Amino acid sequence: MSKKIINSIVVVMVPVALYLFFLILRPGSFGKVNTVYIIFTQSFITCMIAWGMQYLAKMGEFDLALGAEMILDSIVAALLCAKIGFAGIIAGCLLSAFVCGIVKGVLYRIMRIPIMILTIALVYLLGACGGLITNSAALTIPYEYTFLGRAPGNIIVFLLTGAVMYILSDRSVYGANVNAVAGSESISHNNGISVEKTKIRSLFLSSMFAGVTAIVQLSHGSGVTPSVGLDSIQNIMQPIMSVFIGFVMAQYINIVFSIFVGSVLMSIISNGITALNWSSAIYNVVVGAILLLIMAYMNVAKIYSRKHEEKIGALKNMKEMGARET
Amino acid sequence: MKKNNGKGMELFINIFPFISLAVVFVGFVVLSGGRTLTLANCRKIFEQSFSLLLVGGAAVFLLAQNCLDMSVGAAIGMAGAVAALVSKTSIPLALLAALGVGLLIGAVNGFLHGVLGINAMIATLAMQFILRGLLLIVCKSGTLGIAAGMYDLDHIGLKAGVCIAFLFTAWLFFRFHSYGKKCKAAGAGEASAIQSGVNIAEVKIIGYVFMGITAGLAGFFTVIRTGAAMYNTGNMVEFDTVIALILGGMSINGGADSKFRSSVIGVLILGILNNGMVLLGLGTYPQLITKGVIFIFVLATTFTIRNKLNSGKKLA
Amino acid sequence: MVENQVLLQIQHVSKSFGLTRALRDVSFDVRKGEVRGFIGENGSGKSTLSNIIAGVYEKDKGKIILDGKEWKAATVVEAEEQGIALIVQEIGTIEEISVASNIFLGNERRFGSRGIINYRKMNQEAKKALELIGASDISPEKPIGEYNLEERKIIEIAKAIYTHPKLLIVDETANALSSHGREILYSVIRDVRNYGGTVLFITHDLEELVRVCDSVTILRDGVYIDTCYGNEMIINELKVKMVGREMSGHYYRTEEEGSMGEKVVMSVKNVFTSALKDVSLELHEGEILGLGGLSDCGMHELGRLLFGLDQPYSGTLTCNGRTERLKNPVQAIRRNIGYVSKNRDSEAIILRDSVRNNICLCSLDKISKFGFAAPKTENSFVDRWIERLKVKVNNRSEYVASLSGGNKQKVVLAKWLGRGSNILIFDCPTRGIDIGVKEAIYTLMSELKAQGHAILLISEELPELIGMSDRILIMKDGRIVCEKMRSPEITEPLLIKEMI
Amino acid sequence: GCGGSSAGSSDSGNAGSSAGTSSAAGGTESGASGADSGGSSASSETAGDIKLGLSIYSTTDATAGPMVNNMQAACDGMGAELVVATDDQDLEKEITNIENLIANGCQAVFCLPYSDDSIPRIAKICEEAEVYFGFYWYDLTNEETHDVCYRSDYFLGNIYEDDVWSAYTAMKTLSEAGASHIGMFGLPTGRTTTTKRDNGIQKACEEFGMEILVEDRVNTNTSDDAASSVESMVSSYSELDGIVIAGMTQTCLPGVIQALQNLGLTDKVKVSCIDFNENQTEYFEKGYVNGVIGGHFTGCAWLAVLAVNKLQGTPLTDEAVSVKDEFLVLQSADDAKNYDAYLYAELPYTADEYAQMSRKINGEFTYDDLLEIIASYSVEDVMTRHNAG
């Protein structure tokens, strides 16, 4: 139990340390309570997308179409909102997400190609759909319908989504299946778990999470512009990175929180760079470098732990045989 | 009977890219009323496809071993920017600098994937971020123009020469050199390849370095073509490369049946497609939809057949 | 026996994997409340039959009747619902998830309503399941990665038993268990018998078998041989039935005495790894050195180590008299070491590549100039070795995947012989290969020996070891426990005694 | 030289019929369908005598859409065919577009060069193909490139908007509203346009004692990103009292306004932006926006007029021309409504009006007439003309 607490503290220390780093560089801004609040609320959107992504990511698959989907969701929502008001936002996002999820699932089922490749093609198509519907025009929703984009609306949606995420990943049969498939596809298969079904469900779920996130995102920014070509992939880089960071930290705390910590980290970085008025170019470099560091750390740690296990085993054998280490 | 069926499918897989190319070509010739066919237009299609031809030729080696390079577009931009900067001093030096930058980027990619074992897509995606950021810093003041003397290099004969020499050499290496064979072996069965004495890390590093150098060369010619480098030079080339190779009939998992011609055919399909859609005056979205649908169609066709072929083979 | 006491009837079951006929027309019955031993040499089809009963594989032909009804197991879940539980030979647990989740893998719905799992209940159940078999020291919440292989096997036992199966199949689980673990297993088996269930117990340890089982069924090369009951189970007779085949002269080497060259081409000294304990051996030129033992005794690991696939934690390795560190196969191959992996299809050949490329791959540096190999050179090289080893292929561009098992193995051998490797590590070279090709491989080995090649023959088949080796080393628990020179006195029982 | 030229200061006018977001969107739609069909359908009617090519980043968005629509109207009026190549996203694509347009048989092509460095290239391609070329939204300030163009027989001219001035004016409106500590949104550096706008902002800062506290050129992909960025800016710089959007206005503006609304800062923080957008009327009405500079949608139409006359053998002038295309400055809800009614729902010049600019149709028309029309471009001018008709 106490070990668990220590682990949690260690994990929480990472964003705190980064925060302190920026606090020292710019106390005037990072010293304010408001900044902390902003950092948290801004991480919600990243975090919710990342939560939806992590199921597939665990199984080694990536859905690059989520950015394009969210834009399409928002477009449908904004158009419906103009007709039926607030309900249109909710209905539009969820409906569009639902359809996208089904389409992806069906295409995957038919074609059985790596999800990443399939979704690259979808980025073109979904982007073009959004553009055709709106004719490239930027759409907006009226202010009175945007309460889900600010406190307490966004906090409520975030907490609800978090609860769903927690239940799905930690309490549900589906979550157990995802973990099993992520561990070993063949053993799962031999125990009667359908690998394909699990992946299709995850594809669908990632769409639904993105759809819910689109509600908050649209409400927060109040506007949506269709994207052209593959640009929308950029929009999900932060969530992807949060997922990776979350995976590293998931050894210490629950994945729901570890991904949130990852999102907060991303949020601190982008706020820090704004606060210091560093060039936006630096942002790209910093984010790329952090991703590489995390991945390198993960791999080196894996190799090291394998070596370490081997060493422990060998040492045990040596002790057993009474041999001295050479 | 079953065997014949397999042979038939294999034959189909092999000629499918040619069919696609023929369909696209004939289709656009007819639709555009012959404008696709004019010598001037063909020349333009070649010039527009030039850097993708180079990069595609190098990407074959990577995709054959089941690796992607998501940073190649940014590498082209970076190499182009450096070439533009150095060209003010000396043009041969600019070429060397571009190749050097490409080599460096390739080496880093190779190290990240081959040595540290970071997933190829993630590693190169992160590199893309970093390079685009650096490129923004390098191009801070706007575009980087090239020295006037460099325009002389924009000569169709020279480009054709470079392209043919490059593709021919790359083809030789892919088809006949032990390196090309090792790439295919690594993609077809990594464990078996390792036990047959293929140094996987080395093969991967060489692949990325070659890709990097090629990106350097492509970057050099890109700035000659555009007259300047800017922050988004080489934008999205990485995706175009993958799409071209798949259109050209390459399996996304690489392996022994990877063919060098996939890159050339695929790039030509893409080139004719892009050129033809403008000749027909298609708007932005119809263009995107056309591309997406063709991509999915080709993917679905080849994958379905490949899956069938593989499941047949697994029984043996 | 009264008809209604029969639980399981296997009737004319056959199964092939491509060209390997794993089971041929196997028929036998098992009664309720019976502990049935199930023995046979490696590759005789025990696991295949178990997997068919438990719904992992589909049978090609035949019928299985369970409790009087025909049983067409389609999936593992269905089999479980019918009360069939299987403890697999390989690792059957997933490392990343908790003990409880592993125990109820694929069965999570038991603790759920509307897809939500009650983990408290699951953990309680898991605890009960573990306590039931006397493994209460394993805690259900922990990730299974924290437990070692033996404990994981015990968890698998708990997983199999908690449903009170009608039929429990235990596939060579005992190997991984210490005496404590074995006690757990035996008591589980007793429990099942006590409540009227049936156990199918697969093991190589005949003494254990006689102690635990009521009866025993013997398979050989996929063919049903016999079933013995109670007092009929006499170890030596079982062995004869199990091995069965005659050791005729034309099949193995005929010399009575072993011979070897003076020169030690490869040796290891005091090697320790997590699987090997203080292993030392010397391989001479012109020698076939046999290495035998149970599957997990460390002999396969030793083979990998000699080829540079694994590194020793301590100890030295010498090759042609020089102390070496083989960091990878590339270095091993440069020192003319060749290695035939036990997992042929996934490690030794590239299935989806041509015969030509497979044979050439490790010789590319030899047959090319500046890295370029003319297709002509390559083809004549390949043809020479296809000819020499009589590989049956339609043409050299054919995918290896379409070859028969024996011919695949010939391709592997051609690869190394073509490379000119003179230190050959053969790990189960005749696994799943029929008698014709086996003989060819044995003949080839004798020729190679005569030419002065050194061969390390790692094998799970004792007749092969005895028939082919100049010297036999037997390993047990990561140690070399005995060394025997070739002589007519060496018999299988003698070696088996050392192995177990 | 640019600075404080007052040509665009078109304020107050008659309160025209209000055209909100929806009608504005409708305007885009109808315009765009015209542009899309331009490539193929128009060809049969006009017998394909004259074919003009345009390379532009989009045919539909709020800035590029009207530009294409105006040019389409000019072509329709004067009996020429228009081919548009879109996806002009980077230097290489632009070159490719020009090549493809030439291959398509265009006798004159127009584009917005990314920078001076890319112009010699474009000139060379067009000279080799013996095709006229011209630039929109682009000023030839660099002497070298200027010479390259003017040496060419195929250079028609450039219509430029004064981007130093537009950014300067955007800042000036902020200063007039009392803001001095500014946060900035913009495009990534690299385009000449961006550099000029940066210069204009710099100039205004010096002149009015303003300061750019923080800038964001990355979080401009979605409205939500922009909203987050505003939150961060405000939290880091409490003294911030103005935001200028010098690029990506369509995407950023809704997010900026939304964030300010959420933070309750719409009064304190003044906003101005370059480029028109769908929501400006509403924002003006609520007082969220202090100035919008844009409306520079006619440059391509003027180039079309020059090209058609040249290709018909009745050139307006033998010299290459360099003309400034006026910006419109909106500073109130009325401005915006008038703009919506007269320049967005309809086009500022009808096809008939464009037809009169062809010397083949209207022999009287002269170069000076054209210059006069260009210089008089303003909301009032359109209102007078179209109300009369």
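Order of writing sets the chain letters: A, B, C and D. Residues in each chain are counted from 1.
Quick note on the criterion: a residue touches a chain if its C-beta (ideal position, glycine included) is under 8 Å from a C-beta of that chain, and two chains touch if they have at least 3 such contacts.
Predicted, not measured: the structure shown is a model, and the values here were computed from it.
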| item | value |
| --- | --- |
| Neighbouring chains shared between chain B and chain C, ordered by label | A |
| Interchain centroid distance [CA atoms averaged], chain C/chain D, Å | 75 |
| Cα-centroid distance, chain A relative to chain D, in whole angstrom | 38 |
| Rounded Å distance, chain B centre to chain D centre (Cα mean) | 36 |
| Inter-chain centre distance, chain A versus chain C - centres from mean C-alpha coordinates, in Å | 43 |
| Chain D, residues touching no fewer than two other chains | 58-60, 87, 89, 188 |
| Sites on chain B at which at least two other chains make contact | 136, 140, 284 |
| Touching chain combinations (by label order) | A-B, A-C, A-D, B-C, B-D |
| Of all residues in chain D, those that touch chain B in their complex | 35-36, 38-40, 58-60, 83-87, 89-92, 94-97, 99-105, 114-122, 124, 129, 188-192, 194-195 |
| Of chain A, residues touching chain B in the complex | 62, 107, 110-114, 116-118, 120-122, 124-125, 127-128, 131-132, 136, 228-230, 237, 244, 279-289, 291-292, 295-296, 299-300, 303 |
| Touching residues on chain B, where the partner in the complex is chain C | 172, 176-179, 181-182, 184-185, 188-189, 191-199, 255-257, 310, 313-316 |
| Complex interface listing, chain B residues touching chain A | 112, 116-119, 121-123, 125-130, 132-137, 140, 236, 239, 242-243, 246, 252, 284-286, 288-289, 291-293, 295-296, 299-300, 303-304, 307 |
| Chain A partner contacts - residues on chain D that touch it in the complex | 21-22, 25, 28-29, 32, 58-62, 65, 87, 89, 188, 213-219, 221-229, 231-233, 235-237, 250-251, 253-255, 257-259, 261-262, 277-279 |
